[in-house]
Amino acid sequence: MSDAPTFERDLADVPTSAFGSRSLTWWGVIAFMAIEATGFALAIGAYFFLMAHEHSWPPEPWLPPDLLAGTLFTTLIVLSEVPNTLAKHAAEKHDLPAVRRLLIVMAVIGAVLLVLRGFEFNSLNVRWTDNAYGSVIWLLLFLHTTHIATDWADTLVLAALMHTREGEEARRFTDTSENSLYWRFVWLTWLPIYLLLYWLPRWAP
Amino acid sequence: MSSPCRASLALAAVALLGGCDREERDSRGQPVTETVPAGATADTIYPGGPSGSTVTLSPKAAAYENNAYHIAQGQQLYGQMNCVGCHAHGGGGMGPALIDDEWRYGGRIEQIATTIVEGRPNGMPSFRGKLTDTQIWELAAYVRAMSGQVRKDAVGARTDEPSNTPPLTQTRREPIVPGEDATP
Amino acid sequence: MSAAELARDGPTLHGPELAARLERSWSRDPGLLGWLATVDHKEIGRRYLVTAFVFLALAGVLALAMRVQLARPDQNIIGAARYNEIFTMHGTTMMFLFAVPVMDAVAIYLIPLMLGTRATSFARLNAFSYYVYLAGGMLLWIAFVLNVGPDVGWFAYVPLSGPEYGVGKRADIWAQMVTFTEVAALSVAVVLTATILKQRAPGMSLDRMPLFAWAILVTSLMVIFSMPSVALASGMLLSDRLVGTQFYNPTENGDALLWQHLFWFFGHPEVYIIFLPAVGFVSEITATFCRRPVFAYPVMVMAVVAIGLLAFGLWVHHMFATGLPRVGYSFYTAASMAVAIPTGIQIFCWITTMWLGRPRFDVPFLYVVAFIVTFVIGGLTGVMVASVPLDLQLHDSYFIVAHFHYVLIGGAVFPLLGAITYWYPKVTGRLMSERLGKLSFWLLFGSFQLTFFPMHLSGMLGMPRRVYTYPAGLGLELPNFLSSIGAFIVALAFVLFIANVFLSLRRGAIAGPNPWKAGGLEWATSSPPPPYNFAHVPSVGSATPLWDGPLKWMSGLRVDEKEMLLTTVVSARPDLREPVPEPSIWPFISALALTVMFVSSIFSPWAVLFGLVPLGVALIAWFWPKQLEPTAEPVIE
Amino acid sequence: MNTVQSVFGGQGAEGAQFLSLMTLFTVVTTIIYLLVLAYLALALWRRRRTEHTVESGDHAAEPPPQRTALIGWVALVNTGLIVLTVASFLTDRAMARTASSPALEIEIIGHQWWWDVKYTGADPSQSLETANELHLPVGVPAHITLKSADVIHSFWVPNLAGKQDLIPGRQTDISIKPTRTGLFRSQCAEFCGVQHTHMALDVTVENRADFLRWYRAGLQPAKAPTAPLAKAGYAYVMTRQCAMCHNITGTEAGSHFGPDLTHLASRRSIAAGTLPMNRGNLYGWVADPQANKPGSKMPTLGLEPNELHAVVAYLETLK
Amino acid sequence: MAGAVRWRLAALFICTLLATPAFAQTGAVTARSVAQADNGNWEMPGKNVAATRFSAMREITPANVRNLRVAFTASTGINRGHEAPPLVIGGTMYLVTPFPNKLIALDLTKPGAPTKWVFNPKPPTAAQGVACCDVVNRGAVYANGRLFFNTLDGRTVAVDARSGKLAWQTKLGDIQRGETMTMAPTVANGKVIVGNSGGEMGVRGWIAALDTGSGRVVWKAFNTGPDKDVLIGPRFRPFYAMDRGKDLGVKTWPPGAWKIGGGSVWGWVSYDPQLRLIYYGTGNPGPWNPEQRPGDNKWTTGVFARDVDTGQAVWFYQSTPHDLYDHDDINEIILVDMPVAKRMRPVLLRPARNGFFYVHDRRTGQLLSAKPYSYMNVAKGIDPHTGRLIPVPEKEPKVGRVVRNICPAAPGAKDWNPAAFSPITGVVYIPHINLCMDMGALEANYIAGTPYVGADVKMYAGPGGNRGVFTAWDPVHARKVWEFKEDLPLWSPALATAGGLVFYGTMDGWFKAIDQRNGKLVWQFKTGSGIIGQPISYRGPDGHQYVAVMSGVGGWAGAIVAGKLDPRDGTAALGFVNAMKDLPARTDAGGMLYVFTLPR
């Protein structure tokens, strides 16, 4: 290696950060989404597996969960896609003040959703120790709650970060855009769970 | 192994040392001549004031009280020896409730063992000669577990039967201090 | 400072002076804190390897204990309860603490070198995964030493592992250990997938990627889609045992088979997660020792991908005896047979490579030949148990013990030992002794057949799995005695191999960058490779760059900052320059916080909530960007 | 080679079908294995005419004959597998057919570490309950319903047929048509706890006359003992620990926690195959069960010598 | 099209025809009671051997019941379930208490009714350990100068009514085998008819007749086992084929299971003097887990008619072959003559525990009508040709799997507390319950003297949320006339009076009077504890009408209060606690007699 190696090209002009699938962290977020999506799919599979054992779903004396808290939660989480998409576009335009505002909005929405989720937990009308039905719907709600809690914490940290001088750094904008992508995944996984928890027991024979 | 590994291993070993007696599986049970020490009846009132010497727990109490294996065996015996017929899953029926904190004849393990061996006048049958010493103490250990007197990591949360009582791992009860009677 | 003044490698800066400056920015600080803070994939890879082999040795000793107990009929050297603990620990340690992590170890060490990049992606996550894996292993073995070890078998069927019959904390420790190892394996899978897709050397398009990298990519994707199943199942088991949920309580309309479905949906891909990296090893070793690339590269890649997909469709063949509808079973018989086709193709392609090339009978190649001879027996007994009528007689008997030792030791451990001998010079700079290598090889190969072939017979003579003794007069005496003798010789062979590894550290011949004249990029850098792997970014023109003319390079990566090149997914054109994370103590602290949370959640469910606080703080500190870059990097779109 | 517990026995219709399918599989797989070994040996030791290696400069070459060989090999492997799959499917169908018209209904309930065997039928008063033994008339297809009282076990009589798991909360079944008489041994095949090893079942296939004689004898309640020692044993068994766990039809003892003892002395083994049945083993077992089967639910009673003699004397009258 | 219209008109006409009698209360064809004339006394729990529980006193009417007030009270000093009626003979009232079964005589001629004497049978305290559903006693019976009642430890005791001295006592039950006696005897043709209880303890049920004079056992018939034990002989001609056969008491059981098979007689016995037949129901088969006792389990959960003198069985009808839910068939049997298809027939009426209201021809046992009088989902109906109950298969309890929402629950649509029949309206007034349950079966172990149940049960309120119902049932048209919903299950028997009132008590202590005709609540009085005792009405020494009832909660439903049970365990008291978690807050235990009359 003593003599000078022949160089084909100089990489000094290659950019250092980009959005979408060109960035490494995007692939990391996609991989974690795949893991959690598999987890949710299997939990939903377990829900149908246990449902097949009961003559009626929910089992006779138990009533399906009350609709209020769940439906409020669902409408709010779907509406939260609006500030979420705005934050993504703002990040991709490096519009720091907009990103700062929208991250605050997302953090507040996250807090409200977690409070609503508290009401949801005690409107389930069944305890997790009562029977397999109670256990599986508590499992689904608990899994999704950890899902929301992790992304809410992530949004809080990101919001704090964007308010420091660190905010101008290009990488933080890619982080914000990927966080919005992950939030979109969070409420997309909620929709099937919402149907399973609140509507399937009402429609099932 | 490099120094950090050796240090952390020793630390963890000490921390978990307490775990081993809880899991000890001794299906034979040491043969003890006297099943239950005499005089271990409900000792609420002492003529002329407490005699100062706290009641010495039977040596077997420590072996059975928080031992997961014995409590599980006791749980199976509770169902198979028809205790569940009178006491249900602790709520009572023909017999008194066992998961509450009222103990007519004392809530310590050897007092419960005495009740099982001697029987009680109001209808509790005597199992003397019907069950071995180990089985009686296992039943007594399980009865204590039902009312939450036992360490949470020695009991199972539920059984493979219909869900009747709240999980044993979550029954809140203050532990009974040896020597002091249980009925508050 | 403007972009121009930043120090970069290239014609103006190369050779020893570049090496010195790169060394300074890439090496970690010394001492215990530095040791714990490293993010160098080579250091983490070595640690994974050593830890996995420690667990292999421990589990091996347990195997010897089992063989001593089973050497003669009606023995009581080891009591029933202790024996159940020992076979559970043997199975659990081999599957969760040795097989998967050792393949991860080799992959973490080699993939960046093979792809011509300087580090793995998410280097801190990689470090975190090792500490979580180590914590899981220590939890299991400390519990075993303290008589709290699991005794419910490596697949812990419910209700035996349930709250009523799984007494005490034994099954909780098993379930929590599964959570640890699955967090570690998932992290490594994410790291490897991102590295393989985004960090290949410029020019290394997908059809020029080494076959080992293909094997690891498919393995990582299988981990991502199968491990959540066992995480969910063990999580549900833990909640059944701790807070009284009813998932597996048959009376409250839970189901014992729910556990089996979820476990085997992970279980079968798991055994392919162990087998596919070995396929990668065999391809690499065959190519180098037959002096030509593996025959029909695209067919081999399709075979690996086919195995990865098929593995998810045949988990029910573990449950043929559970009384599910028979018509369903015939589908799984067909699927289980189908998975033999891609394996058959790969075997053919390897042998054809030998046919076309000129095989050199060094130790790694011997292991490949032993792999083919042994694994095909295991594969064919696998075809037998894929058929329902045969499986109903053979299931849960010692025939199955023979089958899976043939496919796991034959299929994965032989290639692993070959791979270690093959890449040992790259890792240590010295060659392993050929004479000692051959001796330990023949000893292992011979004693393996002596140990495990008789088990086919004892299984067909009606000896079920997991029995701590057997009555005399059933014809089981001879096969069991032979197995016990063989087991000790296998142990001796392993000791010899380990001795070879240690002796060659000092007394092995100096290897230099490419002792085997191999074609892969990992042989383009020095042995052992410097912390930054490559001084300049290599550029690739073919599947075996070192065999196709002199290597060309690309310059321009920063010198005073840790930086690597990202390339596009399919054609690997240079795309971005990515900063490589600095060494940090926080991954270790986060792993510690996670361990405290997991272990204390066995004793009280509230620990899950209280444990989140320290974990959250550690994770935030981990991701919090360190000092601000001194010079604002001009953004070039 | 033992004929008591081995898949080579083939004394059942299903067992015989297994043997024929197994030989087919072994032949086909051995052929494929020899082909692989031959190709491997040739590839390693053949005289080199043209090499396609790095040294010879054209290491990337992939000559056509090898391509066609690959396609041929894939075709061969596919046909082999298809043959095996179809053979397996046909055998499976044949087994299902033999199970179509059962003449004998049996129910087996698995407990932690013993088998509860019940011959159920239309007339409940003719139903028989025994433990750790299974008698089958030769030539008569028997339909066995399998249930578990605690954990998962697996019922497997290698000489007669394949295994089926006993799963709590579910009801699985298996059909066995014994074709030749003989004494066989079955052992639990799914790990079920500390004494999984000692959970065996003595299977006796006999002609119809012997079977009916055994069945009628089984229906008789236990005879009251006459000898004084046996009478003392009877008194102990009825009034002390034994009656709390065991059932002896025709006496006060009616618990099903432990195995049924009504005709204990007529069985071939004690405690689910742990010890062969003879007086010495009866003494050994009753005196200290935990020594022979540690962890078993039967406690060590600590009998006095005279009590032990009395109890064993009484147990021996339970023919 | 015309045919269809005509057909519909005809149907309409018939319906109106059928409907009319129900509204024309007075004078239409009604069920006449065959009971003896009413002498103002209350000498047996059923008021008469036809068990009408109807008092001919008419002084208290819906008009004046508003000002009914307490005449006097008396405490028994025992805090368990008081299920017995006070008996009134001449100027003395006799009370039988739960364990220790004291017999107290009160002198009605003196103000405040002071105690004349107390007879203490002193049953051993251990008897309490084998009494499945509270240590109750359902009452005594008076005949030719003596009072006959059973003690918990299985003795029938005869006491001289005037002096309170023991005449004789006969030991019949053995508490070591789990046998107790809680039923109220019936005196028929000089014989005291008694039976045992202990269905949950694996006891073998029997019924026996003792001579009133000496206490000698005249005859004893078991309810399981060979025909000679069951006193089945040539006279036995059951109406339906399912009950015919030799030694069915053995053939319909697994070998030896009939010896511990239950079929106890702890309920009510009626007697028809003309036909000289006694009628009684048999209890549930043991254990509750049906899988452990395949077969019809003869002669449990059915009705026997036996000759009073010889005990020979004349006919038998099994209401629930192979009982699945502990639906003992021991409920009261009311003997009336009723028009069936325009012909008066001697019938017996049974509001049975399995939810059907049976009407049989009491000569042959032929089933004339069987309609559900309460919500049920475990049976599709009764096959009129075979008389067999048609169960719903997926509601059958299985070992290892909970079966949910079984209605009616184990205590049935109505437990032991008898209904009353009012000849003036021809309607049967049924105080009953509306509960469902989840049931998980498990293998039961028989250990003599300990419970032999094999089931985990949890009960809860049935559809509608009300746990109790008071139903007026017209037996002629097999139709509900009116119903009065109650929050708590009704565990107290009913009393009908000629004044047009029906009296019953609720488990939280309300003593209520309802107008027989329209089911309106006309009067209620809050007593100290839940009422599960039999209200009675008698003519006092001053010739006025008095109504008396014992207040003291307990029994199976009240076990949570009487036994201080823990509500956190749903299966306590064989599952009843799960449905009664609010009872401790609404009443406490007690033991008090209340006697009411109009102000003078």
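Here the chain labels run A, B, C, D and E in written order, and each chain numbers its own residues starting at 1.
Note that in this section contacts are C-beta pairs under 8 Å (C-beta built on N, C-alpha and C of every residue); 3 or more make two chains touch, one makes a residue touch a chain.
Quick caveat, the model's predicted, so the values are computed rather than measured.
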Those chains which touch chain B and also touch chain A: C, E
Chain A to chain E, fewest steps along touching chains: 1
Of all other chains, the one whose Cα centre sits farthest from chain C: E
Centre-to-centre distance between chain D and chain B (centres being mean Cα positions), rounded to whole Å: 39
Computed distance of Cα centres, chain E from chain D, in Å: 52
Between chain C and chain E, centroid-to-centroid distance (C-alpha), Å: 73
Centroid spacing, where centroids are CA-atom means, of chain B and chain C in whole angstrom: 46
Residues of chain D engaged with two or more neighbouring chains: 150, 168-169, 194, 244-245, 255, 257, 294-295
Where chain A touches two or more other chains, by residue: 59, 129-131
Two or more partner chains touched - positions in chain E: 400-402, 438, 440, 444-445, 447
All pairs of touching chains, each written as two labels joined by a dash: A-B, A-C, A-E, B-C, B-D, B-E, C-D, C-E, D-E
Residues of chain E defined as touching chain B within the complex: 125-132, 200, 402, 438, 440, 442, 444-445, 447, 449-453, 456, 458, 559, 563-574, 577
Sites on chain C touched by chain B in the complex: 32, 35-36, 81, 138, 142-143, 145-148, 159, 162-170, 240-244, 246, 249-252, 602-604
Complex contact set, residues of chain C against chain D: 79-81, 84, 151-153, 157, 159-160, 164-165, 250-251, 254-257, 290-293, 295-296, 299, 321-323, 326, 329-330, 333-334, 337-338, 340-341, 344-345, 347-349, 351-352, 354-359, 369, 372-373, 376-377, 380-381, 383-384, 386-397, 460-462, 464-471, 473-475, 517, 519, 542, 544, 547
Residue numbers on chain A that touch chain E, as the complex places them: 55, 59-61, 131
List of chain B residues in touch with chain C within their complex: 2-4, 8-9, 12-13, 16-17, 19-20, 22-25, 68-69, 72, 75, 152-154, 156-163, 166-167, 169-170
